[in-house]
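Okay, so chain A shows up in both of these, paired with chain B first and chain C after.
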Partner chain A sequence: MTVTQRSSLLVRTISTPIILIVILILIAVIAKLVGSGPFSRTVVEMFIRVMLVAGLYIFVGNSGVISFGHIGFMCIGAYAAAWFTIPPAMKAVTLQGLPDFLAQAQLPIFLSAALAGLLAAIFALVVGRIMMRLAGIAASIATFAMLAVINVVYSNWDSVTGGTGSIVGIPFYTGIWTALGGAILVVIIAYLYQISRSGLALRAGRDEATAAAASGIDIVRERLIAFVISAFTIGVAGALYGHFLGVVNPDAFYLGLTFITLSMLVVGGMNSLSGAVIGVIVISTIIQILRWLEKGIDLGGATLSIPNGLQEITIGLVMIIILMFRPAGLTRGREIVWRFGPWASKPSTAGEVAVSKNGA
Partner chain B sequence: MTAILQIIFDALSLGSLYAIGALGIALIFGVMRLVNFAHGDYISFCVFAMLWPSIDAAAVVFAGNLPTFILIPLILAIGAGLSVLSEILVFRRFRNANPATMMIASFALGFVLKHFLLMLFSSRPKSIDLWSNLSLPVEVAGARIPLLQVITIVITILILLGLTAFLKRTRFGLEMRAAAENFTMARMLGVKANRVIMLAFAISGMLAAAIGLILATQSGTADIQMGVSVMLVAFIATVIGGLGSLPGAVIAGFLIGGVSVLMQVILPLDARPFRDAFVYGAVIACLIWRPQGLFAPKSAKQRV
Partner chain C sequence: MSTALSAQHVSVSFDGLKALANVVLDIPPQRVTGLIGPNGAGKTTLVNVLTGFQAPDEGQVFLDGQPIGGITSHRLRRLGIARTFQSGRLFGELPVIDNLEVTGVGLGLSRRESQARAEAMLDWIGIGALADRAAGGLPYTDERRVAIGRALMMEPKYLLLDEPAAGMSAEEADDLITLIRRIVAEMKCGVLLIEHNIGLVLNICDHIHVLDSGEIIEDGAPAAIKASEKVRHAYMGTQAEAGGVVL
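The block that comes next holds the complex of A and B.
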């Protein structure tokens, strides 16, 4: 291997997360320059979705098992952030069932977000020990059942979670830069996992389970590792989401969000990290454009607008059409790599193999 | 004794709904490996097809006023038509896509249907008066059972018998069972793929319409969300029963209905709000115990 080949490999390896992060930073800068309130809220929401979908990708993309349960980790993270950061005086009124150490606690935001992620990860470790033995559609249903259990418990355990009502009083903290930081963090974690030994082993197990098992890969163990890491990132995303809205309630973390995040992942291309990020950006952009159209745009005196409700119908149709023409997603399961300049690298062949296996 | 009879009837009538739903999902999964998340929205669509589009709280009944012997075939036809139409327009193009892509496409279709209904009818639940005299109780061996429960159970049994006869005794049924067993092989032996798949979608749509009629009569309301909860449980039932196994789907549907009703009775009062958590916990336990489902067809066995 010559020096150029080696540096080209290096460029290829690290160019993907760098390009994705640069795209995210550009979006944040544009949002800051535009400076309008509603628009920057949309961008914050988009960054949180990037955290969710990239976190989901860590498990779904690498293992090939569709999970309906990850929004449950977001629920755990968001409520944990609420317990850790709401002022004790308010908690004494609204959440009387909290144990003493939680009722008295008021932690700094970032410590609380990290602990929220940790709590989600520990939960994932416990249930994952049991559930990761399953594969395919049985695993998907088991994760859905997990989501339903979390939802039922958080909706009914009134003294600790406030039941189906919302908990208010979570400090507002998440702005564009915090959300951007969170998104970048998750992209880096996802990429590091993907090129780690465990990530490669899990991808091998996804593509050829028999061969991987014969080569000494413990698929169940690798799946569990991915499950726990993705639970951590999504728990953190949940905490940031809580600090963004200021309120949490259990129904925000249920089927609606589950399907939106899964759709973003599949439309982008579920076998690559680039697909996860691109899927969020593309779908969020289309939704935003349709929202503007719904409000009406001014065209030289005449206002052009589409009827209310058409936005959702259009987004559904757009997703169907994208999937018709790109069944493996917009990125076709490949990573975005740097192809210009002296270290121009060829598209990753590993990616192509993955596409022909899973996209056909 | 009468209390036990009451519980049995509750369990059977709830299980009936789940069983018919599971059957509708399993039929389509059998022939094209598609988990159809739009199924719940077919159910809602069929209910709303009885109303005239309006965003008022009081429903403007339209087709619902027709005499029963026209109304029922009409709603069944609407369900079948919607289902077949979605096959022709959407799912036909996903025949060779991987399961995740198909699943998301079906979800997107359901999303479109749901918001189409929302646009026409708004999100407020509407009251709808459909055969309300059926909720009067009847006396069965000393227990007072709502007539509707009895009718639901009888209708379900009739549907199951009819479908079994269709699948076992007719040429189309034979083709469908062959396609569910091994689709490629069936095609090689002269089964026409499009015809079998469209037939499966038509039957599945009719089953969705049947659920819609029963639900609307039971609850007396038309709600956009009403189909989804049944669909989710039905989906779980198809997996527990063993994906691709029709009898398995039906039995698992009744099983989940039975367990739900039983939990409601035997759980201590404090734990009752958490009933669904126990039911879903049982689902996970069942999957761990039998990952391939209770009645897995031979073709579904993983070789690793």
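The block that comes next holds the complex of A and C.
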């Protein structure tokens, strides 16, 4: 008696990343068509935040451990990109403490971004071996401590990081298409991790740690895998961000960005990849509307504007309201799937028929 | 030593309170071994010791003659010891099929192999229709059957069931008896059954141990347990009073 005639995992779930990627491409096309400078910059920033939040989701969503430290990986990635790509003549002046091989280097941007992600991943592997043994709030506090340590080191190691001042001279490169490519890359990595063995094992450990151990899962190991992969994606995001601004300084990668990215994840729904992406799009849109309002809208002579600072307050209120009505986030922790036509991802319901009691 | 999962002179105490004292118990293959006793007797502690979740203060656990002390619980699964939990402990956010697949993944199978094995297991138990339901919202009986399926995914030599019939109706308990018999006969599995439902235990077990205040006070065939004066005493004042147990 075979009741469970089911398609393969990939066929059942592939519609989610495809839909998310299509949404991102549409946004990029719209931004190109509108063509305004400020709007394009907003969209690029949004794509970089998709990289950050989807990268954060790889660890937070699957493990259930809230991390306050991931923006530290972005800091590592952005500075690495600066070291790899600023012309040697400039580095000789501003970053005199760099070792020779870095001081002389000027790598192609994509190689540099990949290496930046790799550096963040290696760092995550080293500290994660210890931190991943912690669970719950202790783990979250440890990630916060990691963020603080990274910030203090990068703020004070003047000869290598330029201290609290900004490093300038990072080649501008990241535009809409590059940022879109980065966002798509991270969505794909997050999706592949989610359907991987490690992703399943980690979500099991998130729901019931003891039972997962009884099922043969080594939670510490799976957490470490997710931590390293998410550090890589966020390191790459940091590199692209550096090439977007042309400037890095350590305080750009600290509490402000940590909380906004976590808010996006929570508002979207931290238990699903769709939630991560939708959260970024929704919160970014609200922020953009508020920015316009702060600058003032011209209404036939009269300018309507809201006081500066109201943006943060409004964002806070909106988040409270969303979470009051959708505590598990806008997506309720579910994935967006295609339910129509021959490519329907909806699981087979053929199993409803012909199940005799007790399987006899 | 014999072929069995075996606790030899196991003692455990928590903050000076003896939970288990010098417990000796064998779970032979392809038999149903019963473990009964009043609340707080130490039954779950014994299961925790046998499955590596709790290190004994004294004594040893042997798997087919090999001591298995010091092996972490997730590695023990691969040696063929599986368990269920009193409270179900399903992965609530995951679909039923994924709950079973987790065990396959824990064994080192690919997701494709895990899925195939999980589907076969759900069909074998007769709950294939539940495959895509979220495990969190299942009714009690189904929850127990999924939990048993998740444990069986390991193809264990020994399966420890911690109060699988709690809260079940008489008819549902009968279904459970059928399932346990099939597990022993078809999966060639040795089962340890912890239950408060004495009728069920007497019905299905080949051998029964009675635990009271951390000590095995009696063990023997169902008929002997039924006749035992000591067992009657152990239950007096606890469950017999509540009218729940008629030996």
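In this text, the second predicted complex is superposed on the first by the 323 of 360 C-alpha atoms of A that agree within 3 Å, B and C clash if a C-alpha of one lies under 4 Å from a C-alpha of the other, contacts with A are read in each partner's own complex, and residues count from 1 in each chain.
One rule holds for everything that comes next: contacts are C-beta pairs under 8 Å (C-beta built on N, C-alpha and C of every residue); 3 or more make two chains touch, one makes a residue touch a chain.
Here the structure is a predicted model, which means the values were calculated and not measured.
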Does the superposition put A:Ala213 against chain B (first), chain C (second), both, or neither? both
Please work out whether A:Met146 is in contact with chain B alone, chain C alone, both, or neither, and reply first, second, both or neither. first
Where does A:Val266 make contact in the superposed view: on chain B (first), on chain C (second), on both, or on neither? first
Pick one for A:Ile195: touches chain B only (first), chain C only (second), both, or neither. second
Is A:Thr16 contacted by the first partner chain B, the second partner chain C, both or neither? neither
On chain A, which stretch or stretches are contacted by chain B in one complex as well as by chain C in the other? 210, 213, 358-360
Interface residues, chain A side, partner chain B - complex: 66, 130-131, 133-138, 141-142, 144-146, 148-149, 152-153, 156, 209-210, 213, 255, 259, 262-263, 266-267, 270, 307-310, 312-313, 315-317, 319-320, 323-324, 327-328, 358-360
Which part of chain B faces chain A closely enough to touch in the complex? 35, 90, 93-94, 96-101, 103-105, 107-109, 111-112, 115-116, 118-119, 228, 232, 235-236, 239-240, 243, 273-277, 280-281, 283-284, 287-288, 291-293, 302-304
Tell me, which parts of chain A touch chain C in their complex? 1-4, 6, 8-9, 195-197, 200-201, 203-204, 206-208, 210-218, 271, 333, 347-349, 351-352, 355-360
For chain C, which residues count as touching chain A in their complex? 51, 53, 72-75, 77-78, 82-83, 85, 89-95, 97-99, 101-103, 105-107, 110-112, 114-115, 119, 122-132, 150-151, 153-154, 175, 178-179
